[in-house]
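Shared between the two complexes below is subunit A, which has subunit B as its partner in the first and subunit C in the second.
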Partner chain A sequence: MGRMSFVGRRLLQLVPVAVGVTIVVFFMIHLIPGDPALTILGIHATPQSIHELRQEWGLNRPLISQYWFFLDRLAHGNLGKSLIYGTPAATLIMQRLPPTLWLIVYAAVIAILISVPLAMIAATKKDGIRDQLVRAVPLLGLGMPTFWVGFLLLTLFGVTLRWFPVGGYGTGFFGHLHAMFLPALTVAIALAPVVIRSLRASMLSVLGADYITTARSKGVPGMRLFVRHVLRNAVIPAITVLGINIGFLIGGTVIIENVFSIPGIGELMINSIFQRDFPVVQGVTLVFAIMVVLVNLLADMTYASLDPRVSFDR
Partner chain B sequence: MTGAAGTGAVGTASAGIPPAGTGPMLEVRDLHVQIASRRGLVRAVDGVSFEVVKGDALGIVGESGSGKSMTLRAILGVLPPEARITSGQVILDGQDLVPLRQSDLNRIRGPRISMIFQEPMSALNPVMRVGSQIAEGPLIHLGIGRAKAAERALELMRRVGIPDPERRYRAYPHEFSGGMRQRVMIAIALACEPEIILCDEPTTALDVTIQDQILRLLATLCRETGVSLVFVTHDLPVVAQVCQQVAVMYGGRLVESGPVREVLHDPRHPYTLGLVRSAPDFDNVRESLVPIPGSPPSLISPPEGCRFHPRCKFAEEDCLVTEPPLRLLPGGRATACLHHERCIEAIEAERAAQ
Partner chain C sequence: MIDPVAGGQFIAPGGVTVELDRPPDRSAQPRRANWYRQPALVAGLTITVIIIGLAVFAPLITPYNPIAQNLNDTLQGPSAAHWLGTDELGRDIWTRLLYGGRVDLRVGFIAVLFPFCLGTILGSLAGYFGGWAELVIMRLVDVVVAFPFYVLVIALVFVLGPGERSIYIAITAVGWVSYARLVRAEILVAKRQEYVLAAQAGGLSNLRIMGRHLLPNVISQSIIYAMSDIVQDILAIVTLGYFGLGIPPPTAEWGSMINEGQEFLTTHWELTTIPGLAVVIVGLGLSLIGDGLADLLRPGQS
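After this line comes the complex of A and B, so read on.
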């Protein structure tokens, strides 16, 4: 019972997820043609030198035993060394993690800031023109490919208007805030439509609820009614939707980071795939999987702490 | 003997109700509410008028769907978005509430008029502490701080009989039983000492024993605070227990009104007569329960003439064409039946047969 064992149990669920992810990634990446030894050695490669390098990395052994070796290391908290840089994969990933986390959190915040007022506008004038607009326009964001939205924003606000840098992570809190705005907005544009939809639906059902009539009947004025009675109830179902979709978008950051040249783990992932840097690719994928699970765990915990009817001991 | 008083004809009934010196606390005049629905325009309330004297309780009875809840919600200005008042006046202490904006109504709802709902389960905000929900009204309206409002909420909880209020203050509605939730609703309604409370079937969702406790509580509070009540219910014995006046609604219209005792024991409308006869546990002249045949009228396209005529055994030619107005009778009574004498005859015939 209690919050801690709830978290503990959910973290335990991470183990099978992580193992599943490693299996898929490990075998998929070896299906891709290409050879890291060849990448490193470049034009100086001879069959002999390639063979030696592969021997050193253990790439000549059967896949199964390579996988076992990988798992064994992983169990000791070791992701292995980057084949290209020679540094531990974990170090590389930790260096690149902050920009990605920034991007995800920033995007979620922007998405919420967009969604709450729009959903409110739509829900309070159901089926009116404003409602129709709020329901239709965000679908554009859902329909357009994320990288394309990113390019559009980048061209307009970065290149033409020069309001924002065309790439990079910036320095310091406000530097990050400024530099990461366009990429975060890009992700938020993909995220907001689903959140608006779910918030609008839950607001509509809350607005029709008896307790809203009770609140009105005791003379609760508009803003207080909206925040304390409507929003407080309507966000609860929307949080799960937000969590699931942030989960989806974690994969999507790979593309955004490349469009905006953000030195995050998404960019690291792409580079490592091109270089067939197996340990790093596996490490990044594992981190992505863990992030998805953690985001959903966070969403569930937020849900449970906002809704007193839900207890942690399910 | 109930029968003797009832048969004493129309005139003698007037002695029981001294008209209050001051004007009515609440007066509803020719109220019309329409609801836009997929199947058409529902005339949920179609010309309802009544008044509530200060300190009195007015019961509103009628079958399901007769427009009782819509009437109450229209008075308070908390209609659902698809419904609106198309005409009529709601006069509270001389002021018409219908033309007021929501922001102005928000200053009246709570300190001057409030409401108790049928479903205590769904009428409380599930994610807000019970104490905060009670304290919210005083916090908004009484110009007192958070601490004072909380104190007031505790006092109200004590007053409506919620045990251990200090602990219960921080609980959420789902941790309360139905009866306790309804006590919370009553505390919310009382919180800013309104002059009138609208009760929409406040006991229907509760067990019989709890019903009785809640009714007693309401009656006590009314006596102590002098608050007026409008009390909607299906339950005729409850009306007899709680109210001085009663109004009977049928198909969005008022068909009969007057002092409770006279109306329920000596109805002047065939629909009221039918209600009385179909009510269980109601002490009156009849051998067994007789349900009213037929079903309530459509409020989208109500029958021509008297809305009750398809189900009325006294109906005549003129009932099919003339929409009967609510006519005043002696003794502060009124009926919307063209042939209300037929009721007297029927009741007398029955009594003679006993």
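After this line comes the complex of A and C, so read on.
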């Protein structure tokens, strides 16, 4: 099967996922028994506001047409109005998006910078002392609460040593780079054990391949062999691992934005939860899901275009 | 989506890579090691049993009440009376740590059961029957994995209201997908094995083949994965506690302990550090059990 039709099929697969995601987000509010308008408004409920919300969301109609109404609003980029600020939720989210994207990319870069050397160290001397040490990293790392690691780094490097600010987003490119280092590092520490594990496994399988044996027998020096032959073939799995774990990465940023008070959509989500601002929580949930779906799509495309052996039959 | 099982590796969301079973090679019967000869398993079991013991026997170990305040003795350092000192309300930290373990471990262990069962059942149906069952179940999986784990769990607990019941519902709704994918992938391989074909030819019912023949052969992967899943669930409970969405105060719980210590980070960093360390140690114990089980149940792979 050809490459183009793979892309087509992959895009086609997005349709049921997109429909499913909107259904989940739409039905979130209907999980609670009772009048959705009252549930949504909660402490903000007045007879007038209930009436307005019913009109705005079409809550008087049957469920299926409410869902249509919801989709129609989505198609126009309308995520509803914030109950606290009165501004459209979409506007709030767009304003808060840049810090979150920054944090995600920054954390991914740091995670790769930590994981690739460690995985290399482990894979070159399998079962040696260094390999054993690297393999112990996930045992400890996977059990660490992300926000707790954030507190520890914050206390040590922010409060005690004063190397980094204790919160905020910074200004300008280098300002962001500086202010977001600790949060990005925290997320990367959560992600690294996962990436190290998969990278080590894939490097080991590459090292056992015939073309490596051939290159060795030709006398290709160790370092060059590693960079030219092993690393290149291990990068693809690294991309896939990052793509698959984008949900994990995003989950980490939601938590860490709150620890370091970064004005991103993760902080917006938690603040809106405290203020019971339902439309914003709903909107952020949807935006996060869209991010995951897009990144997975991108990862699959990259994977397919980098590796000619990828099978398109599915 | 590219098949997550390509290359014999399954990468679960939340980040655990699991090697899938090769079809069992009957001619070379692997030497099955005794469980007590697996250092990782023994170490993990030791850690976990000690921690569970401390939590279960908390009332015998410590004389204090985990929620009784003593405003004359706030923020004390470690002493003979208070081994780890006291918190901002004068409560003994060692006591709260032990009682917190009762809550976090109990909820973590129970929370893993529901997704384990639901995912195993749906995964077996999808893998064994294929067709419409598989299509519907796997599209459901696609939808759930489109949401980041923490985002969906936090959103669901928010909608359902804080508390233990909401935690179970949220974790089940999100967590079953990993088991479903694992079990489906295993069954796809196993159902072509001769023993299954023989059972089918013998006219056994599908239910019996799945329950008595397939499941016992494919379940080990899920059990190994469940060990790291408990760690993930405890982390989720602790994180919800940090956001004030978990077990409501004043119940001692590690996440809310970290949260309450946050205010005193500059002067009393141990208030946040100690409960976090408890989570790390539990995670270490369970991960070691998972690794040990993996070595025990799938000899010859590392």
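Please note the rule applied: the second predicted complex is superposed on the first by the 236 of 314 C-alpha atoms of A that agree within 3 Å, B and C clash if a C-alpha of one lies under 4 Å from a C-alpha of the other, contacts with A are read in each partner's own complex, and residues count from 1 in each chain.
Keep this in mind: a residue touches a chain if its C-beta (ideal position, glycine included) is under 8 Å from a C-beta of that chain, and two chains touch if they have at least 3 such contacts.
Bear in mind the structure is a predicted one, so any value in this text is a computation, not a measurement.
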item: Which superposed partner A:215 touches (first subunit B, second subunit C, both, neither); value: first
item: Partner chain(s) touched by A:236 [first = subunit B, second = subunit C, both, neither]; value: first
item: Subunit B versus subunit C as contact partner of A:296, first or second or both or neither; value: second
item: Dominant contact partner of subunit A by residue count, subunit C or subunit B; value: C
item: First, second, both or neither for A:163, with subunit B first and subunit C second; value: neither
item: Touching partner for A:191 - first (subunit B), second (subunit C), both, neither; value: second
item: Which of subunit B and subunit C A:228 touches, first, second, both or neither; value: first
item: Residues of subunit A at both interfaces, subunit B in one complex, subunit C in the other; value: none
item: Complex contacts: residues of subunit B adjacent to subunit A; value: 73, 76, 78, 80-81, 102-103, 105-111, 114-115, 117, 119, 122-128, 136-137, 140-141, 172, 174, 185, 188-189, 191-192
item: Contact footprint of subunit A on subunit C as seen in their complex; value: 1-4, 6-7, 9, 11, 13-17, 19, 139-140, 142-143, 145-152, 154-156, 158-160, 228, 231-232, 235, 238-239, 242-245, 255, 258, 262, 265-266, 269, 272-273, 276, 279-284, 286-288, 291, 302
item: In the complex with subunit C, residue positions of subunit A that touch it; value: 10, 13, 16-17, 20-21, 23-24, 28-29, 31-32, 127, 138-140, 142-148, 151-152, 154-155, 159, 191, 193-194, 197-198, 201, 205, 240-241, 244-248, 250-252, 254-255, 258, 269-270, 273-274, 281-282, 284-285, 288-289, 292-293, 296, 300, 303-304, 310-311, 314
item: Interfacial residue positions of subunit A with respect to subunit B in the complex; value: 126, 207-211, 213-222, 224, 228-229, 232-233, 236, 306-309
